[in-house]
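A, B, C and D are the chain letters, set down in written order, and residue numbers restart from 1 in every chain.
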Amino acid sequence: MSSREKRPKLAVKLAGVELKNPVMPASGTFGSGKEYEAYLDLEKLGMIVTKGVADRPWKGNPTPRVAETHGGMLNSVGLQNPGIEHFLREDLPFLQSRNTKTMVNIAGRSIEEYVRVVTALQRQPVDFLELNISCPNIKEGGVAFGTDADMAYQVTKKVKAAATQPLIVKLSPNVTDIGAVARACEAGGADGISLINTLLGMKIDIKTRRPLLANTFGGLSGPAIKPVALRMVYQAAKEVKIPIIGIGGISTWEDALEFILAGAAAVQVGTANFRNPRVMLQIIEGLENYLRTENIDGIEELIGAGHELQEGIQC
Amino acid sequence: MSSREKRPKLAVKLAGVELKNPVMPASGTFGSGKEYEAYLDLEKLGMIVTKGVADRPWKGNPTPRVAETHGGMLNSVGLQNPGIEHFLREDLPFLQSRNTKTMVNIAGRSIEEYVRVVTALQRQPVDFLELNISCPNIKEGGVAFGTDADMAYQVTKKVKAAATQPLIVKLSPNVTDIGAVARACEAGGADGISLINTLLGMKIDIKTRRPLLANTFGGLSGPAIKPVALRMVYQAAKEVKIPIIGIGGISTWEDALEFILAGAAAVQVGTANFRNPRVMLQIIEGLENYLRTENIDGIEELIGAGHELQEGIQC
Amino acid sequence: MEKKNINKARILKNEALGPEIYQMVLEVGDTGEAVPGQFVNLYCKDGARLLPRAISICEVDRKAGTFRLIYKVLGRGTEEFTQLKENEEIDWLGPLGSGFTLNTEDREILLIGGGVGVPPLLELAKRLTGKKRVLLGFENESILTGDFSKVAAEVAVATTSGTEGIKGTVMDLLEQKEYLPDRIYSCGPKGMLKAVKDWARERNIPAELSMEERMACGIGACLVCTCKINEGPDPRDWNYQRVCKDGPVFNAEEVMFE
Amino acid sequence: MEKKNINKARILKNEALGPEIYQMVLEVGDTGEAVPGQFVNLYCKDGARLLPRAISICEVDRKAGTFRLIYKVLGRGTEEFTQLKENEEIDWLGPLGSGFTLNTEDREILLIGGGVGVPPLLELAKRLTGKKRVLLGFENESILTGDFSKVAAEVAVATTSGTEGIKGTVMDLLEQKEYLPDRIYSCGPKGMLKAVKDWARERNIPAELSMEERMACGIGACLVCTCKINEGPDPRDWNYQRVCKDGPVFNAEEVMFE
């Protein structure tokens, strides 16, 4: 036998599907991978997560759609996307030609819209569906599905019934009780949850004395939101048994590890890609080195290992 | 007549009381002013806001109570304070000896506790009460008053009945619908609202693989949270007619101006004091210069002037 | 295939050209096939500022492996750049975007630049073979007029303050003579680009415009930097295209100004 | 009264003393009435890092207006400090905190330091008039032993790795001889301070300990930096006191370790 060191295992199982490693892009920050292929080997990622896809093309919001904030950014892209038909015709063949798992992020403004996208994806070569329930539900007066546990339960249940792939529901952080929404998704049949989507924020341009984003509000992402994201993952991990994908401000392997210790089985990297298109590879390497130095056989041992048994109440 | 330039008016009226200017410290970041007197002239501030005071001494949480985050910080002081008697004996005489307005921040874990503090302050030389409803309500199983509109209404109403000073209710941002809580406080008789308190967050120490704060969770403050704070002030300003004090990540006069444009009649500065103990004076100066260069007679003209008439729905 | 990445460039020069206007020369090693109209992303050192600052390539020296950039101090990021000293390093990515088309048949070419939209026209002027007239508009002081003089048949300047050239805008310069170029290239503030588009359309002259939008990724993946592009005969046939990837240069007739 | 503020200090020296250990000499102009045991707050340039880094004053030169500081690279902030070059400036605030009491009657004094708790004991040793024995504990390499030798009667070193001095901790050094000082001063990791407290109490020797806590304001206003201090005969009579203002130096018998 060779005396070579055993390579620590980065692979994780997510709803029965094995990923090479727990690191993947966050939806909307990575297109469908094409643009990043000049920068990194897509096959090294645990999975590829697409931009949100709707049943028809969405034009999105007017510009400016982005504003820099201290340690973060606001975006109001408004889920611009060319629709599911275009996705199946143009993007999916590309993704299929790469040896990697694929998760399609689903956008919609009503349960029917969500169901139409998921139906179109039935039996397509897609490994996971990620249901973005942060969109305002037009029928319910603009309240996002993700901010109401009942609505989250309903949409999860109906979409799950139409899905042939494991369904991950992506939660909005703009809620009083993230645990309640997480439980509702689990009860609705979700195979996993991912969190967090962006925090609702805004910026005012003092020169024009008007909101800087054409859409007034935008979603806050980046390292600034990491403490909130980590707290929500930690809280959700106490509430549900289904796997969790941690998202929010992850820029280093240490950040990724914090989310895993908080209970995430995998992590998504969004805004950090903009500062460094290869950051995900560095995170994967960092995690591997950590396991090696700490003599840990596999990263799955660390999932949720950071929980305190006794917790105080913050005031 | 002299040809000297007219000095722009920084004074603002808050619930009938005139403040020299709209800039004041955020509760808990400024003690009761004593420690900062070596660094700045307290009389230059619009008002002094005290650390939270409860009916009896509170010891607060074990250490570590603080963690640095990207562009922000977490604290879990747990409202350590020596109680209202000590406050009346030691701190109030000091504050009274300075020519400045005073707002006492009130902490409590039940309506009765809040009322006891406010009763002890009746007819004391205090200009405002600021009711911190972000504390978990022990009787209601630890749910914070500030995260439930009904509870916010109840506590506001009962405390207002006992108060002889104008009552500002300080809102928690950890809610789905800040507008609903703001409306509840207005309906309960609040003379104003202040927001935001800290966002609930956490950090995990990857060396120990445990939450870094002894209390597990802490409150996130600093520039990182400014976009969320600004959005909530903007939303609250659409919902209530009572004056608003804007708080959250304010570090420069430009930040302060953004909050005023969003609808704040005054602003509080917290975490920024830690990086620069004189930052509030610089903010006051910056606002005055701005008014002068822009030829604006008084800052009150700008309150709420940044609102769009038509707003999109973020998705 | 070798993968691209954010690289470190050495700063050979970083000096004020005028009030709030700086030039920076970056030694990047391999400039790639940089085309005029393309830009580079510069990144801040301060961790509070995550997003790239897009700066157009003003001149390329392939042999020396350098880019010349001209930037205006607008906010905190460009302010940070002014503090960089010679021999320090800066993170950069590029060249990015599509650039101007270099039509060799054009005989008469009009270049119209405004403010910090002027720099990319210099490398363009150097590469175009036809006869070039250059109209430049500024608020106060002009920049790069000497550089343009070396490669153009004519350089005219307008300033809104009247401190240099005629008092007015490039549109006033356009009125002064009878220009009838084969093609127009333009870069500058939106209002100016719209006026140039209208002027060119009335005369049926093809024009290319370089657009500006706030960016995040700079490589076409995030869709924050879009501008409205007409994609068919019907004005309702428009789509958002990406300034960072599909642009920043677009055909004038396709760009929809609101 | 003149108001205090965060000031700029010029860096006269910033160099590695050993692996991950640096010394920095700051020219601050007026050092104030700096007392050993006090500390300064250093601030990061990177806007992502808001909180101060507390560093003990290792030596003061009032005439030259300088502080000597010794710091260990622990995280991103101290990492940033290592990049600072001579003549650059850094924001600082201080001197802060209470410092050790300088008892002139003590004849035999024991100074016990561990790791980066060692530096503040140097200025203390220089100011105390009695006979000083110094016990220093480290993981690997020692620091400042030469400096202590100049002012102390005895300097003993322990390292946990055994690379220098005896293999073990300062507590092992304490066992080796019969020390019976009039007073003990100690600074270092919590475990060590607790052991020193117990050792001193058994022998009824007064001791002062310098405590460490994470800080935010550094001036006593925010209450994040507290440590449990016994304020009466009953162990339940404790309160949180502020390390930055009431400390960092406390009487050993009052400090409650958990």
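Note that a contact is a pair of C-beta atoms (placed from the backbone, for glycine too) under 8 Å apart; a residue touches a chain by one contact, two chains touch by 3 or more.
Bear in mind the structure is a predicted one, so any value in this text is a computation, not a measurement.
J.: State the pair with the higher C-beta contact count; candidates are B-D and A-D.
T.: Result: the pair with more contacts is B-D.
J.: What chain lies farthest away from subunit D once each centre is taken as the mean of the Cα atoms?
T.: Ranked by distance of C-alpha centres from subunit D, the top chain is C.
J.: Using Cα averages as centroids, what's the distance between subunit A and subunit B in whole Å?
T.: Subunit A and subunit B have C-alpha centres separated by 33 Å.
J.: Roughly how far is subunit B from subunit D, centre to centre by C-alpha average, rounded to an integer in Å?
T.: 36
J.: If you average the CA atoms of subunit B and of subunit C, how many Å lie between those two points?
T.: That pair's centroid distance is 45 Å.
J.: Subunit A: which residues touch two or more other chains?
T.: Residue numbers touching two or more other chains: 70-72, 222-223.
J.: List, in ascending order, every residue of subunit C touching at least 2 other chains.
T.: If we look for residues of subunit C contacting two or more partner chains, we find 47-49.
J.: Quick one: label the inter-chain contact graph as line, ring, star, complete or other.
T.: complete
J.: For subunit B, which residues are in contact with subunit A within the complex?
T.: 61, 69-72, 74, 76, 78-79, 107, 109, 134-136, 142, 147-148, 174-177, 199-204, 206, 209-211, 214-220, 222-228, 230-231, 234, 249, 254, 257-258, 261-262, 302, 305-306, 308, 311-315
J.: Where on subunit D is subunit C touching in the complex?
T.: Residue list for subunit D touching subunit C: 45-49.
J.: Write out the stretch or stretches of subunit C touching subunit A in their complex.
T.: Residues of subunit C touching subunit A: 1, 3-6, 43, 47-52, 93, 213-227, 239-240, 245, 258.
J.: Residue numbers of subunit A touching subunit D in their complex, please.
T.: Answer in residue numbers: 70-71, 223.
J.: For the complex, give me every residue of subunit C touching subunit B.
T.: Per the stated touch rule, the residues are 47-48.
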